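The structures come next, written out as structure tokens.
One chain, chain A, links the two complexes that follow: it is found with chain B in the first and with chain C in the second.
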Partner chain A sequence: MSIIFFNEWKGLFRNKLFLFFISFFLLLLFIVTFFGNIQNKKQILNQQEAKNHIRDQWDEMGPSNPHSAAHFGTYAFKSNSILNSLDEGVNAVTGLVLRLEGHKQNEVAFSESSQSLTISTFGKLKVSLLFQFIIPLFLIFLAFNTYTSEISSGRLKLLLIQGNSMSKIIFAKIFTLLSLATLLLLFTILVQFFLNINYIKLDQITRLVIFFFSYFLYYFIIISFTVFLSLLLKKSTSALSLTIITWLLWTIFIPKTVGNFTESLTPLSTRIELSEKIQDDRSKGIDGHNPFDDRKIELEKEILARYEVDSLSHLPINFAGILMQADEEFGNQVWDKHYGELYEKLETQKRNYQLSGLINPFASLQSLSMASAGTDLLHHLDFLSHAEKYRRYFIKTLNDEYAFGGSKTGERGWKASQDFFRSIKDFSYNEANFISMKNKYFIDIFCLFLWSLSLVCLIIYYSKNHPFNEY
Partner chain B sequence: MNISIFLFEFKHFIRNKAKLFSYIFFMLLCIYSIYNGFEIMHKQINTISNINEKQDIECNIVLDWLEQKKGPVDKPWVNIEDPYWLIRSTPSFIVKNPSPLFPLGIGQAEQFGFYKEITRWSSTFDSDMAEEISNYERLINGNIDFSFLIIFLLPILLIILTYNIHGLEKDLNFNKLITIQNKKLSSWIINRLIFYVLIVLLSINGMILSVGLITSSFAYFKSMLTLILISNLYVIVFSFVFYLIIKNASSSSSVAFKMISFWLFFCVIIPGSVHQYVSIKYPANYMTEFLDVNREQTYEVFKLDDIELYDFLVEIHPEIVETKKSQQDTLDSQLVRRCISTIINQMNIAAENEIEMQNEDKNYLIKSTYFFNPISYVQNLWNSCTATDYYSYGMYRLDIQESIISRNKLIVLELWNESEVDKEIYSRYLKILNN
Partner chain C sequence: MIQLINVNKKFKDKVALKNLSLEVKSGEIYGLLGANGAGKSTTLNLLLGFLNADKGQINLIDSNDSSIINQDRIGYIPENVNLYPYLTGLENLDYFSKLAGLKFKSSELREFLSECGLEKEAFNKYISEYSKGMRQKVGIAIAYAKNAKIYLLDEPASGLDPLSSNELSRMLKKMSKRGATILMASHDIFRVRETCHKIGILKNGSLVKEMFSKDVSPVELESLYLDYMKN
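Now for the complex of A and B:
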């Protein structure tokens, strides 16, 4: 098999068109990776500047009332991971800025795609665009006549007479093209690695390995599928037509259709419905600004009993701070209920979409590619959860200061020191470790392996039953 | 036009299962995409009618208060004759109704919100202006959208239908026979090509007109005609390039390779490269100018004394100088502070204009690439016809801004004129707030 493999490579090197294309792709991948990194680093820098700008305002706020500071709030800026330059995933359509303030949870706003006219339906020219749309097509064109050309040139018979089995010949051809795809993959990953060598940690290495193997398996599937069709149809043009139609179905039609289908299976509430449900639930609880709320009276009694006094004015603390924190905690429960349901539905949609990998390996590849770059839906939800966790810490710290920082009930004008505000930690988000999320991607890995194994079995079966085996 | 070539091509088309299947499959996809467009449109219309219902219910509650001269039970401090409370309690929504041509192109509709509740503190870049809740991964894959099918998949259908014209004859080595039988090879290719171009054009024009009939959107006749014109020109330009490729064919697989490469280059690589370049030149905006107004500058305004606030108010609404309240010796602090939202809104407008200008610079750059990036041009032109492009949502933002200004102006003028609200005055308010 190795002799056929090396011979195939020799043949490829003799083909000038092939040499042109391989050089073109290597150059294109280098340029795309390089500019992808420049764009990504510029975005990270902008995000950092915006973050520092907002934090500076907080630090310079001066002595202020903690409740006013809770309304003043802060912002969480969604940062790009360094592997965002490989696959942008959902980042162009998700918002970038999330306002964190007291009493309410906001939506992440200002997505990049809402800031201009449409430019490209398939996204920016990133490595993922080349690896998902263009290189597979290149591989299809290299693979579709590998078998038929051997028949027409008579070389197939010669190889069989020399003692090679049909499956050996077929797999040698598949591995030749796969090694070519591997070369392109490794080259890009190395460029990405060296351009970011100062930021690469173990997690990024794991992600790059996952990125590599996802594409490796997908290319194996694409090449094997094309060769299998040419084996089956025996006509190169029919094989080419059918492979291109399949490629279109996999990359364009099925993802859109399945995406719509999964959304209709698990429909999401509209924003107005969700906000009405939240408002309804919240109005049943304590409203920090509503003196007639039953819960407030209960809380008041509880605090008076705890401090063994008979009036709020005798409390050594500021009841308003406790009331606001209690309202905040009730609001958090309401948010957890409704947004918990929403996130669960989104995860169910994602899982259902991942199952489409059984009929469409591209779905599995796309999911793993975004996951390894840290740009899929699950990573976005992780960012939102961290931002909400921070909001809760931020507001609780302010409410606690208002309640126990030295003011008494009724002292609305009381101000906490600048040092206190500066002591509150800033929001900082570290992307989730890939290993901690690995379970969510088992379906994708399983589907890619299933496709690969099924194709191996089919090729072996068809090779064994091939009429040429009689030689 | 040679009828016999036409008839021969028709027979070939009917007998060739792959071509026939591809054509039928594409047409079914188009029908599905239109159905999908209608689904999204109806979903939006339903949401809008629910909003209108909700708005009517809340306005009727306020009318009840006025009738009974008694405010909400849980808020006894609310004086129902005070315009401040009444305007605050009156909801108003600004919605973007989908165009009747929406099923023909969803465009950027899923990247923007289409309804917004207006309060005196609202702005056009509030977080509730973000897109409707949806699965982001589905958003990046997009919908089965008619415009997507025409702009991106129709050229591929043309490739499948035409890639073996002349190429097959070369594959089977009887291309010379064709040259002998036909005086001009080019007219033989053109006739065969025209057959496919015609069936494709007739089909898509029929579909566009059908949507016009279903939605009775003949008021949008000009937009519909533009869509037909764009799609037809688009198909013709692609067919012309394919003709050149076919004419110089060496084999059908080489033709297919060249056609696919052309498609990839113009539909994927060029728009993708422009997108990347635009992102490097104008990275995603974190809108810190707007955030500053929303937060720091708002709090600075709250710290101003009454006289400074009054001066700002007079600058925005000079007419208040003539009111009795204005001519009193001392300023009514509560009155001045109740009008702060007008000042903040003015600051918001300035920050929003700044952002719109930055976005416009980005759009200008995009437009300047149209001469080598025609696909983006066609896409945006199409989206503008179906009112789903960036500028259509820009107009919607302007409507929202108008409504915020009206609400704040109403509060200021009614408060400074010391109006007392009754049902008649309230209906005037409703007209202003809902316009």
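Now for the complex of A and C:
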């Protein structure tokens, strides 16, 4: 097999058109990876600057009322992974900054302004765009007649009579093209690795390995599928047409159709509906502004009993802080109920979509590509849940300071010290470790392996059927 | 030795071979004449192992030790030797030899090509620059280098100039002297008569006539062949 493999490579190297294309792709991949990294690092720097600015605002705020500070709020930044430049995933749509404040949970906003450019309708030129759409097409064009040209030229008989089996010849040709794809992949990964060598940790290495193997398997599937069709149809033009049609189905039509189907299976509320439901449930909580609210009266009684006093004015603490925290905790329960449901539905949609990998390996590839870059929905949900956890800590710290920091009930103008605001910890989010999330991508890995194995079996089976069995 | 006993082959409803029996002894060159569709290529494809017979027996036997000859000990020269255009003649010979598990020195490869009549200047030229005759010579060199027990040739002289055709005959005789069994399917009555020891005429999948070439003159053979084709 190695003799055929090296001969195929010799053929490629002696083909000027091929040399032009491979040089073009290597250059393009270098440019895209290099500039993607520069842009990514710029974003990381911008985020850091914004973070510092917000921290400075807090540190320099001076003595202030904690409740006003809770309304002033802060921001949680979804730190850009260094692999973000490989596949931007959902980040382009969801944005990277979440405003955190008292009483309400916001959605992520402030995506890059460049996303609003008309040109961005087609997406940015990211490594994933080249790897998912352009390079597979290049491989299809190289693979569609690799087998049929041997039949039409009559060389196949010569190859067979020299003692080679049909499957050996076919797999040698598949591995040649796969090695070419591997070269492009490794080149990009190494460029990415060396451009970020100071930031690469074990998790990023794991992610790069997953990124590599996902594309490796997908390219094996694309090449084998094209060769299999030419084996089946025995005509290169028919094989090419059918492969292109299948490729279009995989990359455009099936994802859209499956997307719509999963949405109809697990429908989500509209933003207005969700907001109304939350408001409705929220209204059942403590109304801090209504002195006759039953739950407020009950809380008052409880606190008075705890401090063994008969009026709020005799409390050694500020009841307003306790009231606000109680309201916050009720709000958290409402959020957990509605957003918990929403996130569960999003995860179900994602799982159902992943199952489409059984008929569409591109779905599995996309999922693993975003997952390895840390930019898929599951990573985003992980960020959101950490941001919400921090918001709760942040608001509780402010409310506790308001309640127990030295003020008394009714002291609306009381101010916490600057040192207090400086003591509040920043939001620090470390991207989830890939290994900890591996189970969520098992179906994608399974689908790619299933496709690969099925194609190997089909090629072995059909290669036993000699093409000379026609009169 | 090549042996076909009552071999039948059908493609859907079309009968390609009907009770075909023939035998080619070791060291013998057998010429199989026949019109297009007579079953010559089907016979070769069956012997090459690319097709399976519906009925009958096919034996490829090494007369020295009565062992069965496998596909990798067969040499094959097709009508059109289409080699890899991006390789030189020498590289093509080296490549196909390596595929057969044979490693030759460059000097040995050059010798094979020379023996098969290829000009030295052409050795390092790309096949894309070769004429059909030159490609055919490389094809012969590939088969010859294999030192096979059996050679199967499908219209090997097609498109060759008289000089190259003559060189082909010379090569085949040389190989037969080495003990090789050679079956050559052709339309070329004159070349078959010149090269082969024994000749068979195939019509509609059946062997209608068999003779030794020494027993017929080229003119007689042509007349005989035409008679069979007309009736």
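Convention: the second predicted complex is superposed on the first by the 458 of 471 C-alpha atoms of A that agree within 3 Å, B and C clash if a C-alpha of one lies under 4 Å from a C-alpha of the other, contacts with A are read in each partner's own complex, and residues count from 1 in each chain.
We adopt the following convention: a residue touches a chain if its C-beta (ideal position, glycine included) is under 8 Å from a C-beta of that chain, and two chains touch if they have at least 3 such contacts.
Given the structure is predicted, the values throughout are model-derived calculations rather than measurements.
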item	value
Partner chain in contact with A:465 - chain B first, chain C second, else both or neither	neither
Which of chain B and chain C A:158 touches, first, second, both or neither	second
Residue contacts on chain A - larger count, chain B or chain C	B
Which superposed partner A:145 touches (first chain B, second chain C, both, neither)	first
Touched partner set for A:439, first chain B, second chain C, both or neither	neither
Contacts of A:10 with chain B and chain C, given as first, second, both or neither	second
Residue ranges of chain C in contact with chain A within the complex	11-12, 14, 16, 42, 45, 48, 50-51, 71-72, 74-76, 78-84, 86-87, 95-96, 98-101, 139, 142, 146
Chain B-touching residues of chain A, taken from the complex the two chains share	32, 35-36, 38-39, 42-43, 46-47, 50, 53-54, 57, 68, 72-73, 75, 77, 89-90, 92-99, 106-126, 129, 133-134, 137, 141, 144-145, 236-238, 240-242, 244-245, 248, 252-253, 255-257, 259-260, 262-263, 268-272, 274, 290, 292, 342, 346, 349-350, 353, 370, 376-377, 380
List of chain A residues in touch with chain C within their complex	3-4, 7, 10-11, 14-15, 153-155, 157-164, 466, 468-471
Residues on chain B engaged by chain A in the complex (per definition of touch)	18, 22, 29, 36, 47, 50-51, 74, 107-108, 111-113, 115, 125-144, 148, 151-153, 156, 160, 164, 168, 171, 252-253, 256-257, 260, 264, 267-269, 271-276, 278-280, 282-288, 291-292, 294-296, 299, 359, 362-363, 366-367, 376, 379-380, 383, 389-391, 393
